[in-house]
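Across the two complexes that follow, chain A remains constant while its partner is chain B and subsequently chain C.
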Partner chain A sequence: MIATAGGPVAGATIFTVLAVLVLALGVIVAAVCLSLMIHHLVSSHRRLRHAARMRRAATLLAPYLVGGNDLPQAVGEARKRLGDRAVADVLRRARTEIKGPRAAAISEALAEMGEVDRLKGIAASRRAWKRMAAIRGLGECGGDEAQQLLLSAVRDPDPVVRRAARDGLLADGRPDSIQAAIGSFLEDVPKRSGWRREFYARMATMASPALLEETVAGRFPPAEEKLAMEALGDVREMRVMSHARARLSASDPEIRATAARVLGKLGDTGSVPALINLLDDSEWYVRASAARALEFIPVDEPALDALGKRLSDSVWWVRADAALSLAGQGEAGANVLITVMEGEDKYARDTAMAAIARTGLTPATRRRLRDILPKLTADPEAASSLAILQAAPGVLR
Partner chain B sequence: MPRERACIVVAEDDDLTAAMILAVLRDVTWRAVWAADGEAAIQMVEQHRPQVLVLDLYLPIRTGLEVLRILRKRPDANGCRILVLTAQAQIGTEQEARANGADDFLRKPFDPLELKARVEQLLREEREEAE
Partner chain C sequence: MITLDSFLDVGQLVILIYFMSINTVYLSFTLIAFSDLIAYRRRLWRGDLRAVLGESAYRPISILVPAHNERETIVPNLRSLMALGYPEFEIVVINDGSSDDTMAVLQQAFSLFPVPAAGRVLIRTQPVRGMYRSLDHPNLVVLDKERGGKSDALNAGLNVSSFPLFCSIDADSLLESDAVLRVARAFAEDERIVAAGGIIRVLNGSLVREGRVVEAQAPQKPMLLCQSLEYVRGFLTGRTTLAELNSLLIISGAFGVFQKDAVVRAGGYNPDSVCEDMELVVRLHRKAREEKKPAKVIFVPDPICWTQIPSDWRSLLRQRDRWQRGLLETIWKHRRMFLNPKYGSVGLFAMPYYLIFEALGPLVESFGYVFVVALWYFGRLETSFALLFFLFAILYDIVLTGLALILDDLLFRRYERARDLARMIAASFIAYLGYRQVLAFTRSFAFLTVFRRKRHWGHIQRTAVSRPQLGTQPTSLPG
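And now, the complex of A and B:
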């Protein structure tokens, strides 16, 4: 009986222990969930309250941010009513949207309220993400003290902090800041091309004269010079034109190609003879860049003939760019394309047909195109290109 | 220049930027209204028939370029002068904006005095054309 009584007792004990363990686990999980929910609610409430304060601060301060002499008093009032954080965040955001004397006034206001000192303290943190956030904030603040801190931060051991410091120095815009940003960048030369393009794009937007000066002075190695020239072309910095013209004869073919593209973006009619020469370059991408550049520049017969010859290039890309350029030259270009379509070179013909399908035609050129249709229709190899032509609106109808 | 009765619509989704632009325009006109997205911008232009529209290209619901294209197709909105104010810096952006009917183009960060001068110039042009 003792033996049989031990079995149920042991089973009940194990069951009780298990039940207690499950209950305890359940209580722990419930406690964790509850604390996460409370944390989420409290954080959300703080975020919403901060956002509401920022909106009110923006409404209060907006007139003083864009003009007048009462910004310090307005900031003081706003700080009393809404707290330092909301006001500082609004001032920092405003400083990134505005330039000129008002930006300097906002920087002074930020320094006076101690925001720069606060960020300076965080910038000394051992954690890189905190330093990065502080450096980014200092870039938004601007001003002399922030600039000094940014100049130190370009020597930070962490690359992300250095990148944030460079962005802040570019935003500062003063010559010594720009120099320091470029120097730091060239030492780093980030391996990711996206970062590099972004750096030059930001520099071209914020400080194109400084970027131009560095490019013309030859401070950049060839791989960087390409990106610098492209960025200057993108923001239409016309003063890069003479440098780009000189670089059309560079020994590096990638520089030649970049220079051609930039001159096309700038619409430089003076570089047309040099671009025509580049249509015979030994490298296909140089020929393609020259062909594409001519799309944006009104040209006359020598250029049209040279582009027409490129429709027989051995490289498809060059043929396509030449055809697009001709299509962009209006009736004169369309006539060259139609002449090529009448020829025997099937590659050139197909390329010309694809391009002309994308361009508008005058009645005269449309008649000319219809006149050669019988010949094209008779050639079975022209069937697919002909189908595209016939389907394109406004070409044959 | 004294304040006018001209109506100006500001299409900008960022509330701080919009508040600053409206503060600049307060010196120019008594009537400046704010649209926070592209669809609201189109409705405000139809409703208020403004002389000038200050338009950001990055707008929710409808982008600034869509707003430009739609307004330029409407004969009743064609008299409105449009100033594009955007953070996008590429040459293609300005060309595309002008090709779609923008009368002027200004990049952010902007100088408040320059913005004011550009808007006043557009109002003068609009007034001269109306006369």
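And now, the complex of A and C:
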């Protein structure tokens, strides 16, 4: 394709170089293809063999993992037959699922078979990814020796290793481990909120009493307190209720909103008066959170009226959340919605109609709805909402 | 004065320089991808996925499924979506003016009932005829609307979606059960991420049972094999590297997860664009930089979406023509970003890269083939040299493809059977026996048709993936 330029000598040189390159590439191609196939075949065989060994190890050890005193003997037997790697992997995975004294027995077995020492060696690597993998493994192993290594790993120069160490300490669950994890986290709060949310979620799942204690003690700054409260609400930690009630009057609106959401999740009937007050908050997201929280708490007339007023809120989210809350209150809430539908506020009317269309109605409420139909039919602006109401099953039919 | 000789000399030089540049870039991409993917794999930990499943750090997600004449595939694919392993999600199916009985099929299969189409209209779309929910599946929402195209359908889905993240998938795609989890983990880790794509794998030839891929197998037809190879290389080396450089401009419409808020602020999908997925991502980048907000568009290599690829030449060429026109259209529309420092790596690297190598590449390649003929015609062709050079180009490309296959096998191991891997290796050789050339010319012709407006869905002949029967033998897709 390329006509030779610069004369026959230069052309011959270029040709030779190209020929050598083609030859070299040919060799590389052959090497790449061959190594790919060999690697595939060898690694397939290894993987399948390891998986088979793990299955057999799991079968052999299962009865001893959940009870009995012969775990060390069973582990020894399994190691002889199936090798250390398969047995160690099974024990590590089992330890993450099993809690209590059995977990301690598994940790001892792992330490005795040298798994902790092996990971300790890798944890001294200069490469951060190796240290991280080892620290994760130590978190899975548990036990005293592993705990000591995790405690020192929270001061590792690499943030990913520190994070792995904190996770391992949380999994360990002992009070000093939890304290060390929290202390390390607060010294080194990750910039990414995702990492922070995950930490709190993990703490709430593994050590909610400790998280609650720290939250109530005010150890967290406001941005962290929100995440901590939310995480405790998500795991339905009822003891956070009194703290959340107190925070409904916090000066920070985001704390107020979070507290409202948490109380809703916990279904705290005692906080209803305070939530009703929050429906008049100056910040829309606080009003919306309070409205939404009331969906999950059975309420009486004052709350229903207050929610009905929020159907005329200037912010759509607040109106929608108030409508959903009323729809969730059964017949009493449906009656408020129907009353709003008779009013002059078209925003509120349409929002109420949308909520009613999703609500199961009692015969009495359905009769009441049918009674106001003529007025709605006469208003052309209500036509589209009315059509949907009429089509929704169980509402008018 | 330009003589024939000087034209031929300049032509050769241009081709040679272009050839060296593009292959240097591809080699760099491959090496960067190796480093990046190996590091990614090392960071992965089985406990992470378990943690996301067990805890509340996830963010709920809306899965948007635009559907147009999908009666064959919509029900089994929705059933497989409902089995996704994700703590909280909703599925929003948008029936975009189907002329077949897609809507009736949905109503029967999922016991749909009408509900008010309540919600703010964030983005204007073609009229919505109705909104439906399912008695059996509370997290399923179906929108029936006037035809407006895929972008319009997605915008309508955005209007009714409830959650802060959304995932757009094609109606004929199959997601692996933890695909959404794997991508969503990235959003939980880093709030700067506005969009994330996963890897698209070729479904043709694989064994499917009840909407799940039970065994991945390489297709048998050479044309399908060549396409599979393109997907492996394009995703593993190309997108990985571009994402690493924060220069990824495309997230496949077949599977992508986005921050709803960011997309709405950017104006949603553009219904006038032929390649709405790329155009949206470029706009997200642009908006973020204009507003001086941090935004990342990433590629997550482990979640997998399986999709059917064109199994006949006509569909394939139509698809590639559309992709090329979409690329050109997007680059032209956002030409202001080109080499503009205000847009950071996107303006200074990504836009020039996509223009010079992705858009112009087929044109230069086609020109090269024509040029060879011209050289021969004018007696300037050194046949042995030309053949050697062509061989060099092929082998170089095969090396890069081989490295991508090594990466795929080493890190993700999608094909268990050695013969599937052998087929893929063979495809890297046979791709040069006409496949590449046909595609190069097709994409070159797109320069002539780029201004032809085409908003409607292309048609790809689809095969029903599976029947919802328990205990049956897995279905093998034609491949």
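The rule is simple: the second predicted complex is superposed on the first by the 370 of 397 C-alpha atoms of A that agree within 3 Å, B and C clash if a C-alpha of one lies under 4 Å from a C-alpha of the other, contacts with A are read in each partner's own complex, and residues count from 1 in each chain.
FYI, a residue touches a chain if its C-beta (ideal position, glycine included) is under 8 Å from a C-beta of that chain, and two chains touch if they have at least 3 such contacts.
Note that the structure is predicted; figures quoted are calculated from it, not measured.
Going by the contact rule set out at the top, does A:Pro380 touch chain B (first), chain C (second), both, or neither?
neither
So in the superposed three-chain picture, is A:Leu25 touching just chain B, just chain C, both, or none of them (first/second/both/neither)?
After superposition on chain A, A:Leu25 lies in contact with chain C alone.
Applying the touch criterion given at the start, work out whether A:Val160 contacts chain B, chain C, both or neither, answering first, second, both or neither.
After superposing on A, A:Val160 lies in contact with chain C but is clear of chain B.
Per the contact definition in the header, classify A:Pro363: touching chain B only (first), chain C only (second), both, or neither.
Neither partner.
Using the touch definition from the top, say if A:Pro63 reaches chain B (first), chain C (second), both or neither.
First partner only, chain B.
According to the stated criteria, A:Asp234 is in contact with first (chain B), second (chain C), both, or neither; which is it?
both
Using the touch definition from the top, say if A:Leu36 reaches chain B (first), chain C (second), both or neither.
In the superposed model, A:Leu36 contacts chain C only, not chain B.
Quick one: is A:Ala201 in contact with chain B, with chain C, with both, or with neither? Answer first, second, both or neither.
In the superposition, A:Ala201 contacts both chain B and chain C.
Using the superposition on chain A described above, determine whether A:Val90 touches chain B (first), chain C (second), both, or neither.
Only chain B is touched by A:Val90; chain C is not.
Between chain B and chain C, which one contacts more residues of chain A in the superposed model?
With both complexes superposed on chain A, more residues of chain A are touched by C.
Do any residues of chain A touch both chain B and chain C, and if so, which are they?
Of chain A, residues 96, 201, 204-205, 234-235 contact chain B in one complex and chain C in the other.
Under the touch definition given earlier, write down the residues of chain A that touch chain C in their complex.
Counting only chain A, the residues touching chain C are 1-5, 11, 14-15, 18-19, 21-22, 25-26, 28-29, 32-33, 35-37, 39-41, 43-44, 47, 96, 129, 132-133, 136, 140, 160, 167, 192-195, 197-198, 201-202, 204-205, 230-231, 234-235, 316, 320, 350-351, 353-354, 357-358, 385, 388-389, 391-393.
For the complex, give me every residue of chain B touching chain A.
Contacts found on chain B: 14-17, 19-20, 22-24, 26-27, 89-92, 94, 107-114.
Across the complex, what residues on chain A touch chain B?
Contact set of chain A toward chain B: 54-55, 58-59, 62-63, 65-67, 90, 93-94, 96-100, 102-103, 201, 204-205, 233-236, 265.
Spell out the residues on chain C that touch chain A in their complex, using ranges where they run on.
So the residues of chain C touching chain A come out as 8-9, 12, 15-16, 39, 42-43, 45, 47, 51, 54-57, 113-118, 120, 187-191, 368, 371-372, 375, 380-382, 384-386, 388-392, 395-396, 398-399, 402-403, 405-406, 409-410, 413, 416, 418, 421-422, 425.
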